[in-house]
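Heads up, the next two complexes both have chain A, just with different partners, chain B and then chain C.
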Partner chain A sequence: MFQALVNPDRFMAFSRWAAPLFGVIALVLAAAGLVLDFQAPPDYQQGYTVHIMFIHVPAAFMSEFVYVCLGVASFLSLVFRHALATAAARAAAPLGAGFTLLALVTGSLWGRPTWGTWWVWDPRLTSVLVLFLFYLGYMALEAAIEDETKAARAAAILALVGLINLPIVHYSVVWWNSLHQGSSLLRAGGPAMPAVYLAPLLLMVFAYMAGFGALWLVRIRGEVWRRRAAVLAMRAAT
Partner chain B sequence: MSGFSLILRRELALSWAGGGGPFLALGFYVAMASLLPLALGADPARMAGIAPGFAWLVLALASLLSLERMFERDFEDGALDLIALGPAPLEMTALAKGLAQWIAIAAPLALLAPVIVAALGAPTRLTPIVVTCGLIGGLSFCFLGGVGAALSLGSRRGGVLIALIVLPLFTPPVIFGAGAIEAFVAGLDWRTPLLLLCAYSLGATALCPFAMAAAARNAIS
Partner chain C sequence: MFDFDAGRYALFVWPAYAVTALVFAILILDSLLRARRWRRAVEAAKPEAPQ
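== the complex of A and B ==
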């Protein structure tokens, strides 16, 4: 399937129906997840704030998932110099930054009622914040270089450096906090999560993934159209 | 190897010519340290607690200052094209540039760091660990910074962009260095964080020249 999609025309034909399809799947899954979520009883400790989990946890998962997508697309763009991979990397970054920001904001809103504070310098929170800064750096670099192909290649190199570095950042931050004091706040609920919460959570994760797939395809399509328009404009000018 | 030492000597000479060598970064370091008591109050006990971590963080910031000149000057006057055309691989040039940056900027900063720490009221017995962390961590700062400098070639606003790209990458070395100094202060095991800092710096020294060369090649293509 991947081989077939490398051809831009085939990709456009595929994404034309795949993007809306993913969008519909995302909406259906999100609706089902939210219905199950609101049928679930309030947590015995957290009360109704547990509902934030179904928005927050999938966003936090996506923030890393999208970075891996960005890294793979950057690698393909750098090594095989493929235009679609370049477009995919470029299209993924703002989406990833959006998911990361959503995870940070909802986490903060969740933290206030449950922990009594908006922010803790906990390993997980800190490494997500660093991830957000990575996305910002990536987008800033790509926007700052005028020549588009050079900007894309520079950004791809940065994405790969980040891909090597992010696990190290994560473990260093974990190590850093273990020096101070272990945080028991973020331990996921002690015992394994009951099915009433797990089912809607998984549905929401898949909804987020399908939604990301739809938005990603739409953004890649936009990139392809933009490039085609630029080529036409060049031709008209000469 | 002679090509390597030639480039190294050239870079060192250039860092002294029309840039004042390390004095810009050293001046920044002293100025920041003089602002700390003004911002947080000159209570000696409180300052002594903050001093080592503060000195380590500002050392990382000060090593950002002259990164912009690392590739930009050669890129603008065309020297980078000539170096790329020459027989020496660009990766080797990148390694030489990183080492020159370390000798010219990071090492003087590391030697100044214990003076800053002492001036802010922390005990002078910290001198060996602060210098060691500065010298070893400086390698990471120079090489990661070099990647940022090479990547931002051809952009309009080099300095701020380099800082935004590079500072998230500084997370592990800043943590390990601060951990080593803090453990030393508390009389705990400081070898583990120091070894982690060594490992990170060696990894950065080994891998970053490839990223720098790829970025420089992309900029001059």
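== the complex of A and C ==
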């Protein structure tokens, strides 16, 4: 399947039906997740603010997941110099930046009533801010270099350097004393929460993933068309 | 039974949902408009429509 998708024409044929399909799946999962979300009772400690968890945790998870996608695409772009890998990396960055921004903002809105502060230079919060800066840096570097090939190479190297930050983000709550709570979803021994919270949370995580899949495919398609338009314009000019 | 009574936490919960909706709306619109723009550029440069 991977081999088939490496061909741009096959990718365009695949993504033509896959992108709307992922979009519909995302909508259905998000609707189901929100229905269960607002039926869940307030937490005995956090009260109604527990509802922020259903939009914050998926955004935080996606901020890391999308960076892994960006890193893999950048590696393939750098090593194999494949146009689709470059397009995939380019397409992932703004989506990852969006998810990371959401994680930071919703986290801040959750932190104020539960921790008593909007922001603290805690290892988890700081490393997620660094992740956000890596996304912005990737997009800025990509846009700053006129030669597209050089821009893609430089941005891919930056993306690979940024991969170092991912384990820091993930394990920051384990390695250091942190105001941020430890992982309650991806942990040894299984998730540490009752089903009434776990079900809507998982539905929202999968909804965010499907939504990312749809938008990623749409943006890669846009990149393929952009390159085709540039080639056609060059042909017309010569 | 739905529970939308956020009480004293309304100032934190609803802005979080509003920001989420706004960022998703921006990402969806930007992605679709960007793709449509370049598709039209290809169509304008080439008579046969791309996939």
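Going forward, the second predicted complex is superposed on the first by the 210 of 238 C-alpha atoms of A that agree within 3 Å, B and C clash if a C-alpha of one lies under 4 Å from a C-alpha of the other, contacts with A are read in each partner's own complex, and residues count from 1 in each chain.
Heads up, the rule we're going with is that a contact is a pair of C-beta atoms (placed from the backbone, for glycine too) under 8 Å apart; a residue touches a chain by one contact, two chains touch by 3 or more.
Here the structure is a predicted model, which is why all the values come from computation and not from measurement.
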(request) Check the residue A:Pro167 against both partner chains and state whether it touches chain B (first), chain C (second), both, or neither. (result) neither
(message) By the touch definition at the top of the document, which applies to A:Leu232: first (chain B), second (chain C), both, or neither?
(response) second
(message) I'd like to know which partner A:Pro20 touches here: chain B for first, chain C for second, both or neither.
(response) neither
(message) Between chain C and chain B, which one touches more residues of chain A when both complexes sit on the common chain A?
(response) C
(request) For A:Trp176, decide between first (touching chain B), second (touching chain C), both and neither. (result) first
(message) Applying the document's contact rule, which stretches of chain B touch chain A when the two form their complex?
(response) 147, 151-157, 161, 164-165, 167-169, 171-172, 175-176, 179, 182-183, 196, 200, 207, 211, 214-215, 218-219, 221
(message) Please output the residues of chain A touching chain B within their complex, sorted ascending.
(response) 78, 130, 133-134, 136-137, 140-141, 144-147, 150, 153-154, 157-158, 160-162, 164-165, 168-169, 172-173, 175-176, 179
(request) Can you check the complex and tell me which residues of chain A touch chain C? (result) 9, 12-13, 16, 38-42, 47-49, 51-52, 55-56, 59, 94-95, 98, 101-102, 105-106, 109-110, 112-113, 211, 215, 218-219, 221-223, 225-226, 228-229, 232-233, 236
(message) Give the list of chain C residues in touch with chain A in this complex.
(response) 1-7, 9, 12-13, 15-17, 19-20, 23-24, 26-28, 30-32, 34-35, 37-39, 41-42, 45-46, 50-51
